[in-house]
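Notes for the one structure printed next.
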Amino acid sequence: MNIYTARTGGLAILATIIAVAPLGFSNTYFYDVGVNAMFNAIVCVGLNLLIGYAGQISLGHAGFFALGAYGSGILTTVYGFPPIGALVLSAAVVGLLAFAVGRPILKLKGHYLAMATLGIGIIIHIVLKTEAKITGGPDGMSLDNFKMLGFAIKGDVMWYWVAGIALVGSVWLALNLIDSPVGRALRAVHGSEVGAEVVGVDTSRYKVLVFVVSAVFASVVGSLFAHKNGFITPDIGSFFHSVELVTMVVLGGMASTFGALIGAVILTLLPQVLAAVEQYEAMILGAIMMGTMIFMPKGLLPSLVAVLRRRGGGR
Amino acid sequence: MHNLVKWGTAAVVAVGLCGLAGHARAADPIRIGSTLSVTGPASFLGEPEKKTLEMYVERINKEGGVLGRKIELVVYDDGGAGDKASTFTKRLIESDKVDILIGGSTTAATMAAAPLAERAEVPFISLAGAVVVVEPVKKWIFKTPHTDRMAAEKVFSDMKKRGITKIGLISEDAGFGKSGHDQSLAVVKNYGIEIVADEVYSPKDPDVTAQLTKIKNAGGVQAVFNFGFGQGPAIVTKNFKQLGMAVPLYQSHGVASKDYIRLAGDAAEGVRLPAAGIVVPEQLAATDPQKLVVTAFKKDYEAAFKSDVSTFAGHAYDALQIVLAAIKRAGAVDKAKIRDEIEKTSGYVGTGGLVSMSASDHMGLSPSAFHMLEIRKGEWALID
Amino acid sequence: MFAAFLQYLFSGLTSGAIYALAGLGFAIIYNASHVINFAQGEFIMIGGMATATMVAAGTPVPVAIALAMAASMLVGVALEKFAIEPARNADVVTIIIITIGASIFLRGGAQLLWDKEFHALPAFSGETPIGILGATLMPQSLWVFGVAGLAIVVLWWFFNRTLFGKAMLATSHNRLAAQLVGIGVKKVLLASFALSALLGAVGGIVVTPITFTNYEAGIMLGLKGFSAAVLGGLGNGTGAIVGGLIVGIAEALASGYLSSAYKDAIAFLIILFVLFFMPSGLFGKRGTDRV
Amino acid sequence: MSLLKVERLSKEFGGIHAIEDLTFSVEAGDIHSIIGPNGAGKTTLFNLITGVYTPSSGRVLFQDRVVSGMKPYELAALGMSRTFQNLQIFFNMKAIENVMVGHHLHLDRRFLPSLLRLPTVTRRDRECRDYCAGLLEFVGLAKYLDADAGSMPYGALKRLEIARALAAQPKMLLLDEPAAGLNATESREIDEVIKRVASSGVTVVLVEHDMKMVMGISDHILALDYGRKLAEGTPAEVRANPEVVSAYLGAHG
């Protein structure tokens, strides 16, 4: 199995699925769910660089997502920024923030890092909830359409294609990065920090780098999400959303870009499917999470790949 | 690897689509769609709302439906989250093809769903409290609950009657309390009352004596007003008594249910709060036009669910009644006509009060909708 | 002003002791298995809900308490047996997701089995506040302090003075070595979950008269308990207690002197600050990586 | 010329001296072995030299430059590389990728070109791949090129670490018990590899228990006991030193 063909092949299949899926969509609600799934997938592809490849957990990424969303909301509605400018500036600010907090907290390991990132996410959530004068508080705030060069992205169908292109682009970037000197250094950090250090990898720098990159992914998607939904509440930055994002990555498959993507799609669709059995939704969701992780501890995609490889005679 | 990725993803997409597309489409019934906060921090709003809608839809269908058509109710649980409410509302409009929307237990959920209803031109009766839902007026959006501003005004006018001029405000930092807090600040000056201490707590805080101590020591506090719902106000009430604070304590309409008295116990003695007539149907004057309606509703609800009726169940009841009446008047299931008829609702006697809507008022509740209650010996006492 | 300070302190101690009890449960399981059990809050919820609903249905209080403790232990054992043990060799993150899945499952179950209402229990020793130097404290808070204190003493005795407790500690330090000297590692893991679920249930029962309980009560307690355990240093019982008290007191003092809106944020800032300087928490094992 | 100088180096762990007042130097081009009973402080010494630990006192000079207190990755950039007694393999990667990480310092490490997969990056990456494949062959692991590191046997992993360290193109290579846990055939193979590394001009510092191997390939030997220098010299000198004999007899007798 050649890594180069898996890469271009995977991208081609992804693009095809995105292009063909609408044939089965009977109305814009399907597009809406599709957009949400792809937005989550982009965040997860970014988060997977941190969790799956570099082996650092974050229970606070919804905070960065929310900062992107609110950055866009505040900059466009209060300060009259063009949406693309607001998106870029928010992403830059989130990147800087991630850089500033990343240095001290990424020295922490395992559960301590989980705690620190969780704390940061919760602090962001509290600020968004409390500073109601600029954020609208728990009741949320409204945004306009995403306009660029005199052209407005509106409606679920148009957003679907925008999200599709963004997803393919993100996957392309992530695959590029993983299979580069920078990406190998990141994976080496996961494998053995000291082993990486002695051959010249500045592990703390790379940890901060990937933290910033994944935060920027989340922020950009947050901005797009805000414009697409037209209304945001601080809940998008809650601890639960952070956990949801991590669950998507782990369920789909850590250290597998397509795995994280699949995890995001499944966990976005699942509540829509389970809405029919509303009373049992929580129990079923919990059971699926437990079952998947018990029987496929490496996540859906990597476990399936392993099974098929064994069947295929060790190929 | 190629095949693997392809089939894996195809399977996922297929499974997803089957799940999403699984709604049969019979042409007959009138469809009412609801996104409610059945779980999550606002579940004590969404849960009774859902029960009420289900109970009455079933009853109406047994009696033959409306305009000879059955009613089909589709309820989704948004957990109180705006983004979920938005997706489910889209699903209701696009996939379930509902004719009318009732719901949005919380303001955030309502505000997330509102633009969709506007765009799709579907009449939408919200069950959320905040004034922003209907101010400014949106063509397709209505609401049945009293606004938090009305509750604040009722409380402040009662304080004014007792000659209170300086108060402490303590509110929950989540949606309901935060909105109530903001509305309180907006109207308090009209009553010549000054807020000398303004504290908040989180819905799940185990203890708020720190906040109350700060209010107690703020100087000249003559009463304390708590805006919140769930267990928070009960903890505030208990801590209030623990600190031996001698001034009157006011709660909002958010706790106008027996649950509050049950949780707070003795500490609730003497607490005042604004509430709709539904809480005390037996104490309403015989001449009160609401008396019949609320007595009947309370009986129905408590018989069906073996739990105390709450104001919030009443909001859903009112919304359903207003919608059904509008459909009957419209004589057809035509969204635009129904909308027009909802707006013409006049003199409807509901659990929340008398409702008369207009093009400029999509709530239409008279200020007299609220009564002032005081808790005496573990029971509600109507004092105004 | 001293009375106000004292009142803030009492407020913080009350919340803090609750967090500490929750944190202690995290510490026990971590000690035996290096697993962070995010369903710990649900043990507390089950203890509280089971007792409150049984008492409301007329069961005598002691019977209800005993049954609730048994129920919670059963859930703890089942969780270990069916969800943790099969995945024992999985990644840390994988196990975190399993326990989060378990917590969602248990919440969903509780909501079906019971309801979504809040439930109360009568205070054990009445509701007359105790006045101390101008500040007041509820007798139930003393119960919480007492239980937390008792728990730490009993746990100390168990881990340092009993053979089984020592075996549990040994397992946490080196599972393979423990196995080689004949300690039943599976039994130890099972016992740690049972013990921690039992403690959770006791915690749930003593705090319900203060905080009430409903099916979602475990979320907040789980979060604060985790914070307490990490701040104190994972796997250290005393650390969890101290961590819990610090978080509670920080919140109360922040409400009192700074801003009640930001009290939670301030508590988390303090935790972050401590971790920057003490990356293994206050009482955590520090050590140089062996390579 | 001395490539490495260690001057009065000490390291304490909670009052226990793991290394105490140690001074020695390593000549460029030598195979310099460090021997001593278990707990003599050999691995601690390695960790001090390569920046994994910071010394309590004393200093380390590499190419006449004070390097104590520098981070391992900074030392790697100066030309120091090592292997570990307890394997520090990247088990989440393939064998070839492990080695390619070793070549990290010699690649285009800029973020944006990597993210955008610019041709300059990919070209050098391909060259790196070929170079690293050559190294795998050099240590005798050609058949494991695309194998997952996690699926390789212990002996192969030991050699993989050497290949990774060599990929950094070090001036000095520190090997911590490269033959530990290997059978006789594998030991001989490692022996060969070390000799070939040394003959390519890389200075080798070796910690090893296999006395036959040490005596056979070393130019210079330093014997440690309880963190102190016991003896130093050529293999013949050290073998004849009565203190070394007694320490070894005492420890292993």
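Letters A, B, C and D name the chains as they come in the text, with residue numbers starting at 1 for each one.
Quick note on the criterion: contacts are C-beta pairs under 8 Å (C-beta built on N, C-alpha and C of every residue); 3 or more make two chains touch, one makes a residue touch a chain.
The structure displayed is predicted, hence computed values, not measured ones.
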Kindly work out which chain lies most centrally, taking the average of its C-alpha atoms as its position. A
Hey, which chain ends up farthest from chain C, C-alpha centres compared? D
Contact counts by the stated rule: is the higher one at A-D or A-B? A-B
Using mean CA coordinates as chain centres, what's the chain A-chain D distance in Å? 40
Using Cα averages as centroids, what's the distance between chain B and chain D in whole Å? 70
Whole-Å gap separating chain C and chain D, where each centre is the average of the chain's CA atoms: 47
What whole-Å value do you get for the distance between chain A and chain B if each is reduced to the mean of its CA atoms? 34
Within chain C, the set of residues that touch 2 or more other chains is 111, 261, 264, 289, 291
Residue ranges of chain D touching at least 2 other chains are 52, 84, 88
Could you say which residues in chain B touch two or more other chains, in rising order? 39, 173
Quick one: which bits of chain C touch chain A in the complex? Just the residue numbers, please. 36, 83, 86-87, 89-98, 100-109, 111-112, 223, 226-227, 230-231, 234, 261-262, 264-265, 268-269, 271-272, 275-276, 279-281, 289, 291
Which of the residues in chain A end up touching chain C in this complex? 51, 57, 104-105, 107-112, 114-116, 118-120, 122-123, 126-127, 130, 194, 239, 243, 246-247, 250-251, 254, 279-290, 293-295, 297-298
Residue ranges of chain A touching chain D (in the complex, touch as defined): 55, 173, 176-177, 179-185, 187-188, 190-192, 194-203, 209, 255
Help me check something: in the complex, which residues belonging to chain C touch chain B? 4, 7-8, 10-12, 14-15, 18, 111, 116-118, 120, 127, 129, 136, 138, 207, 210-212, 214, 216-217, 219-220, 251-253, 255-256, 260-261, 264
Can you list the residues on chain D that touch chain A in the complex? 50-52, 71-73, 75-77, 80-82, 84, 88-93, 97-98, 100-102, 104-105, 107-109, 111, 114-117, 121, 125, 128, 149, 161, 164-165, 167-168
